[in-house]
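In structure tokens below, several structures.
Next come two complexes built around chain A: one with chain B, the other with chain C.
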Partner chain A sequence: MDWLSIFNLALGELISPITAVFVMCAIGLSVHFGYTGLLNFGQAAFAAVGAYGMAISILTFKVPLLGAVAIGLVASAVFALILGIPTLRLRADYLAIVTIATSEVFRYLMTTIGFAPVTGGSNGLSQFGAEFWAMNPIPVGEYALGPFSYRHDQLFIIILAWLLVAVCAVLVWLLMRSPWGRVLKGIREDEDAVRSLGKNVFAYKIQALILGGLFASLGGMVFVLNLSNVQPQSWGTTITFMIWTVLLLGGAATVLGPIVGGMVFFVLLSLTQGIMSGLVDAGLLPFLTAPQVGQIRFLLIGLALMLLVIFRPQGIFGNKKELQFNG
Partner chain B sequence: MANTENQISVGPAAPGCKKVDPILIASGVRRQFGGLTAVDVAHVEIPRGKITALIGPNGAGKTTFFNLLTGFDKPNEGSWTFDGKELAGVSSYKVARLGMIRTFQLTKALSLLTVIENMRLGAQEQPGESFLRAFIRPLWSRREAQITETADELLKRFKLDAKREDYAAALSGGQRKLLEMARALMSNPKLVMLDEPMAGVNPALTQSLLDHIKQLKTNGTSVLFVEHDMHMVRHISDWVIVMAEGKVVAEGPPADVMKDQAVIDAYLGAHANTDLGDVEIGGQKETN
Partner chain C sequence: MNRLMNPSRTRATVVFSALMMMFAVLFSSLPATTANAADATATPAPIGQLLIKGTLKNNNEPVAGVEMHITGDAFDGKATSGEDGKWQIEVPKKGTYKVEINLETLPEGVGLRDADKSVREVDLNITSTAAVLFPLGKDMRVVQPFGEQVVIRAFAGLNLGLLLALAAIGISLIFGTTGLNNFAHGEMVTFGALLTWLLHAQLGLDLIVAAVITIALSAGFGWLQDASLWKPLRKRRLGLNQMMIVSIGFSIVLRYLMLIFFEGDTKVLSGEFSPVEIGPIDTTVTSLISMGISVVALAAVAYFLTRTRLGKAARAVSDNASLAAATGIDVERIIRIIWVVAGALTGLAGILYGLQFQANWLTGFAILLLLFASVTLGGLGTALGATVGAMIIGFVVEMSSLFMPTDLKYAASLIILIVVLLVRPQGVLGKKQRIG
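Up next, the complex of A and B:
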């Protein structure tokens, strides 16, 4: 078993663009759930709406990249309004049901053959990234970064993705120390009390839903630019639950939580994959085959999430004091 | 009541009587839950600058009436005005902004916010509560300082200043009642509506709560409160409204209402003036 390559691979996940994508989605979810108390189980759909919004604008409507990004973000905001207006006046659990259903509806709409000329159906869309990659200011070549070596285009998207993460985190930090953030936290605790103090709770919930959705949509765009294609099956409920794991791992109502949570999650995922495949190859796990390892590690992640919620519900960064009284 | 200086009602006290200077006037407010008519108030006026108690047996519709007036529930029909403004169909947060702030029977302290943050949330006109302005601190920091000053004064008055940085969840039940009342005062309301302010408060805190409510009146705030504690009603209220089965059945100064034999028997219980211990002993004697 090649320990060095296993650790190197795991370490690489720390700054991989995919980690950044999940971090962005988790930051959005922290605005929804951690600060406002909205149970959104459709975060993957917010990412997908952004990704499809951008890709379709470029391919079908020949919009330049920045315009396409803007259209993706507007689509995400509209999606939040469609979800929020009927459900945010109701109790929190209704939003949970509606989001999980809507995200599946969106995924199936994108798969439908009828829309295939625009959405690409189940094959999805590709070749929308030319303008993006042309924007890369980094000269062609290989760049060493510690033990890793990246091509110029890989380096470009890594830097861009983490810059976006930084922007999202700073925005959340600024907002949550402002009176606006205070109202959100009040709504999380008891929305009737906040209403009785003269705050338009519904408007705040809509704003929070849109904001958190925009972060996820940015993440979705980075995700598809990195993969160079957008496919409906990338946005299943599994993705939503992985985002939840990242969020809960780090701490739901914290700024740094989603970032560290994302890093820890993907490093662990890679480590378990590497170590278990190694053990299977060495014949130390005779009851497992190599393809099963991929499934087993998600099982282990699920177990880890359960243990986490039971023994450290506040996550890595959460304030223990905040949870002690929580009854 | 011959004393014209303290005159509250126009003419003799009777259910639905006109007040000299009403702050809240409700007419024909009816709320039905299926076949049950929870509230059916023909006409009632709440006097300005006074402490008004709303009493009645359990299920009389007091809290429902509160919810209707403050926009937390919608009546089947009816209209009411607050300070001359029509309020029927106005959402609850707008009602609060007009200066009519309520508290809840089950205390709604925002547990995972600190005491001082709870207080700050009660303030109005903080520009930093709008999304775009929240990003730019200089736009709201001055107002925040004013709000904090008001909050600290109120906390001192309510003897919660030592708990300033604690989470509201760490307060005792009585302290949460105090916090909720103090928070309601942050916006300097015209009318404070307290839903059972004494429920669950230990006797040591009762007196200070009573003093706070009396002080509200001194500061010119009108108070309407729902209460079961007859001692409190007698002690601090200027006017008592009795509800039963959704209707206003009696009104008047506390001394007169308490003397009204029909009210005592029907709505306060025949043992309103006896110590509860005596009643229990009496009951036991009967069963023995």
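Up next, the complex of A and C:
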């Protein structure tokens, strides 16, 4: 087994753009769940709405990139309104069921053959990244970064993705120490108390839902630019639950939690995959086949989610007192 | 790779005993159980070989010479079914593929039972073989008058609604008594379906015997979940929202355990479909019996809840657990019984669903949202509401294909859910109370 390459691969996950995407989605979810106490199980759909909004604007309406990004963000805000208005007045578990349902509806809508001329159906869309890659200021070539070497376009998207993560994190940090953020935390702790202070709880919840959704949409855009295609099956509920695991691993109501949670999650995922595949190839795990290693990986995500919530609900960073979010 | 397709009896027995061990040591010894399952493995296919395959049968007669067109990921290939009705094709790499059956090559008078599903998608990302089934039957390509279509769709909706109701009552009872939204409920449906497949189609037990064993084990599974997971968590006073997230993690664990044990291909629980025609409705004896069983089971639950002491106690716990405890009801015992009842009902739903629509490791997860929609639509926590909600969802799913593309029929039912929540947040039969 080549330990060095396994560790290198795992270390590479630390700064991979995919990690950054999940971190952005998890930061959004921390606004929803960690700070406001909203159970959003449709975070993958927020990312998908942003991604499709951007891709469709570029391909169908020939909008320039920045305009397309703006349209994607507006679409995401509208999506948050559609989700929030019927459910945010109801008990928390209604939001959970409606968000997961809506995210599946969105996926069905993107898959259906009827809309295929615009959405690409189940094949999805591609060829929308030309303008983005043309913006790359880094000269063509290979760049060494520690033990890794990246092409100029890889380096570009890595830097951009983590810059966006930094912007999101700083924004959340600033907002959560503002009066607005304190109201959100108040809603998480005791909604009725906040209402009795004359605050419009519903409006605050909607604002939090929109804000968190915008972060996820940015993440979704980076995700599809990095892959250079957008497909409906990338946005299943599994992705939402991975985002939840990332968030709970780091700590739900913290600024650094999603970032560290994302890095730890993907490094561990890559390590278990590498080590198990290595053991299988070496014949040390005769009861497993190569595809089963991938399946066990998902099993471990589920197990991690369970154990985290049961034994360490505050995650790596959180304050346990901050997570007594319901009765 | 396809270790469970044609195993000998002994091999299947070993797999079965491994499954029993899964029960006993659900959390502790995963490697040991997989080891047992794998000792039974026949020579695995060479790593990296990816197969898409299927068998075409009409009234249990193989259908030969039908052309299949497989596309995806820059791949384009054709396969033709042989004398035994089997076809297969090897594809170069992982990804999602589309399989289209060439309707022109079907024999005269034979068509798809699901006329608008001539294209199927297969996902070869995490499994290495995928079976694609095109159930054949009378040629339905002849366009029927709208009135007849409505009757046909309504019948299908009634059938689906009854199945959903069986499974949804379990969710509703558990929610009522414990407040938990159990996301791992879909896996109990899958469990029932796949266990019946193992006992009936693989081990050759009589269907009735297999079904009885499955229901008993499903009830035991329900009890085990409560005893090993939920009761300790209630003791720790874990919040309900956290419990919901735990159930999501648990459902992922169960789903992938099921994938590892049963592989990813779609299982045919039973090949026997004796066609029946009632007016314009084209159905099978299996469907009719299944609907009969559902109605009886639902009636039994209604009787249990309204007429027996235990059922009344369960409803008392649903209304107010502390008050029920104060009147001398053993709340923990009621919850345990509810889990057993829910397990048995959901297992039964899995059997009936699997017999009619086949099953794979994702079956339960695929209908989980429909179940939640049923429960929410009817009013969270009321058993009768879940039945009403399930009937509505069943009808909406089937009727919607009269007006919109079939691939949106699940979307239609979820949109109905959102609309109802807007107008009547407590659900159709829910109690009106200020919530949130």
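As a convention for this text, the second predicted complex is superposed on the first by the 319 of 327 C-alpha atoms of A that agree within 3 Å, B and C clash if a C-alpha of one lies under 4 Å from a C-alpha of the other, contacts with A are read in each partner's own complex, and residues count from 1 in each chain.
Please note the rule applied: a residue touches a chain if its C-beta (ideal position, glycine included) is under 8 Å from a C-beta of that chain, and two chains touch if they have at least 3 such contacts.
All values derive from a computational prediction rather than experimental measurement.
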Tell me which partner A:F241 touches in the superposition: chain B (first), chain C (second), both or neither.
second
Taking the superposition on A as described, I'd like to know which of chain B and chain C A:A282 touches: first, second, both or neither.
neither
Chain A: partner with more touched residues, chain B or chain C:
C
Have a look at where A:Q207 lands relative to chain B and chain C in the superposition and call it first, second, both or neither.
first
Scan A:V183 for contacts with chain B and chain C and give back first, second, both or neither.
first
What is the contact status of A:L4 with respect to chain B (first) and chain C (second): first, second, both, or neither?
neither
Looking at A:V140, would you say it contacts chain B, chain C, both, or neither? Reply first, second, both or neither.
neither
Chain A contact set shared between chain B and chain C covers 325-326
Could you list, by residue number, the parts of chain B that touch chain A in their complex?
70, 72, 91-94, 96-97, 101-104, 108-113, 117, 120-122, 124, 126, 128-131, 134-135, 137, 140, 144, 167, 169-170, 180, 183-184, 186-187
Complex contacts: residues of chain A adjacent to chain B
171, 174-175, 178-183, 185-186, 188-190, 192-201, 207, 211, 321-322, 325-326
Which residues of chain A touch chain C once you look at their complex with the stated criterion?
39, 41, 85-94, 96-98, 100-102, 104-105, 108-109, 111-114, 122, 191, 233, 238, 241, 244, 248, 286-292, 294-296, 298-299, 301-307, 309-310, 313, 324-327
Complex contacts: residues of chain C adjacent to chain A
1, 30-31, 34-35, 37-39, 44, 47-48, 96, 98, 121, 123, 126-128, 181, 233, 236, 238-242, 244-246, 248-253, 255-257, 259-260, 369, 372-373, 376, 380, 405, 407-408, 410-411, 414-415, 417-418, 421-422, 425, 435-436
